[in-house]
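Chain lettering (A, B and C) follows the sequence in which the chains are written, and residue indices restart at 1 in each chain.
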């Protein structure tokens, strides 16, 4: 299949209207937001898929409300936890029940305030879960499915030790997710990254395939690596790797699932990456390193994550290399090439399987201008 | 009267089209701008109701011109006072008469320049007054009424000692003015402000009324205070004030007038607050503390303002508490409740009595989206 | 000729539609960009007339490509010089020939990548030259004329020692160019500039003429200076220069040419100023001081430029005085006066002689609003 020709001839920008309209994300899924340890006594504002949300820890649970008092539009995240099970707006003391968002009291209008309980002043609530050290929020219409049904299995093991790192980044969530799905760029952009410096590194890969998993939830990537110097007719020999590259060398096996999850298998541990859209053109880079380990091994694992993996993986490779690209990309328009079959498969997958449409879908991106 | 129902059912956003179009202010009134002591030898640029204006002190008077040379659009505030009674543009030496804005000379075209005195190069002038330590400018069409006819009487007393403080703030001038008119928020937002920490503090108020003054210029607020803990069916008892609250306790009596003036009576002194719109979404918070006092008492009064009132009133209560709210409010849409009858009365007042329409009225705010 | 009346009566904004649409510059000309010594081993991004361009020094020549990889829109200026004569995109190793922009290799798709050489992935190239210590780029359609045909003759002399200074500034390139063409402002704005402090300084000038040069390439300015105090009927005597002004005193003779070049003759040296548009509302201020000198005199000339001329001319006069004005101007609308005949002649010249239209012409500026 000549992917390049197919892509360039048909105008790639109009092939995935739902995917391309989802500039602020795909609703109907659970999204990770903040590390659980950051949510303490004070209400915490977050933005997910363009919606402003306030998280509150109360009575051993985590709750989420739309972060806007319907009265005059003051953020509820500036409010106080005046009574158990409620959040009170800082401005006039409008007090909302955390479990359903109903106005339980309007303090400054007295106990007989006629506005309490009215439907027009109810605040939207969101299902939340605390898992793997992260607060998860369901953003979408209708009831939330069990969080477990959407999580990578690695996070659900009884002896899994999951260590999250979260940072907000500039860049469209889809460019970040496609960068994860794409293997080819690793061959050039990441060729000299310290994390892989001593490994045998493929020159390129062939037979890239994206295949649905047995349970239909995952899109799994496979390919064949080609090693060693290659002769390019026009420019000469590449790559010219030094003799120090000896270790390892196999391709990273990975799999993607909706809404924006990429799971990569490293030796002995798994890297879950979720690209949570915040507002248009920005996303949270949520990375959860997970390993099955008990007892003192857990401490060693944490040490390894907070030193080696944090520096070489998170900061150098994910932030400086990938993060730079996602910020710098100015696309569409685009001209895809053979390895982009992985990206095309991912876009097709989203187009066909996304459970909900955006509430107010944005128009597709502008057509190509080259 | 069920204010809440009335407001929410009819779509509050379309009830006051003139008021809602006045995003950059209501023209036809005197507005305070800068402390008089700040205007010295150099021309001073200010922005009022979206108009750029240059203030000049010359020959014992204060003058105001539109801050733009008609020649090539250079700000006159960058110019020099080259000759008495005129202001000269820094670029080509076009020299304007302060009293009427006429082009008196175009220095770099020589004494016979044919452009002098032409109507198309006349600069708009504004009436100004210096009073209560502040420069006031009339912004609007036609001749200015006497400043005295628009000032609070407290500022006109012969023994009044007025002390102004002015700062520019983010936020729509109407949200700031409505916050002043609204009494209910004080019961919650300001409950713990240091200024009122030792006073008996009402839980809420009833019978809120806004009544026109005898002279028809003012809208006066009255209400009845309810003190002591209240039992709210859904959430329990509130407030739970400590036993240290003993002093005072009566409601602040205040009154509003066009264009954006709020006067509050404190024990022994008066606080005049004027919310001068600068450009859309920003305003000057002009506060003039005034007391009738003579001789050494004046010095004590100044000391009290520059220490206690400045810190507890201006900075903590007005800037950190009210100023935060005005910046954070994201309205409309809105859902009003019973105490908002004060705000509704104020909007009706403006809608009916504003003397002039904005020169280029902005469209009403977008309708509610909840 | 009563220029003022003509200008103000007809609505100046609609008299030069091509000139006024050229907000991002006039295409079809060579433009200076960066000092040649700044372009070393690393690709250097520049913006000219709204186009993002990457400059590369390779094999003794300078090359310029459009700074965007057609694949996914990553800037080529982030790329590497992996093979001679090419530039490789940092993301997937797409490798472009510098001389024609063709895709010579797509490294991460292997030597048999079918996308190489396809027309849809060719990158636009630009003609470049290195001259007078500056990199020049031709921006426009079709083949570039010889650079020499567009340069001031002073830069082409065999013994010319040219010293460039370049800085990016806020402000429309046309306002900067018109400020150079305009002589009248010097009489007021620059009256006290240190550079001219001890010189006899005209009060104003008469008989301003802009005349085409014999070769039809230049528009040459001439005028007659009027010295000494003048009596202005309305305001009195001006100027009142101190007795220290004795030296020199003649008018600066200068000439303009398309696209945005102004050449001023000083005693013993020449100042070439080119206002290269970068993006709308910004420009490069390119100043090349040039003198015919050989041997040790060249060193003295460089010393003089880097001390005296740099401080008094470049920083004080050109940056603080002229640069401030160009940033502060808020025009159109405008009301021209008699000396603006020079600006009007320049606009007419551009309107008639500009060789190309902007690719996507912007609409004319808004009409006057006074």
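As a working rule, a residue touches a chain if its C-beta (ideal position, glycine included) is under 8 Å from a C-beta of that chain, and two chains touch if they have at least 3 such contacts.
Nothing here was measured: the structure is a model prediction, and the numbers come from that model.
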Graph of touching chains, which shape: line, ring, star, complete, other?
-> complete
Shared interface numbers for chain A and chain B above half of all numbers used, same, or below, different?
-> different
Would you mind reporting the rotation angle for the C-alpha fit of chain B onto chain C, rounded to the nearest 5 degrees?
-> 120
So how far apart, in whole Å, are chain A and chain B when each is placed at the average of its C-alpha atoms?
-> 47
Provide the residue numbers of chain B that touch chain C in the complex, in ascending order.
-> 68, 70-75, 78, 82-83, 86, 88, 90-95, 97, 104-111, 113-116, 118, 120-121
Partner chain A, residues of chain B touching it in the complex | 2, 4, 8, 184-185, 187-189, 203-204, 206, 226, 230-236, 238-239, 324-325, 328-339, 370
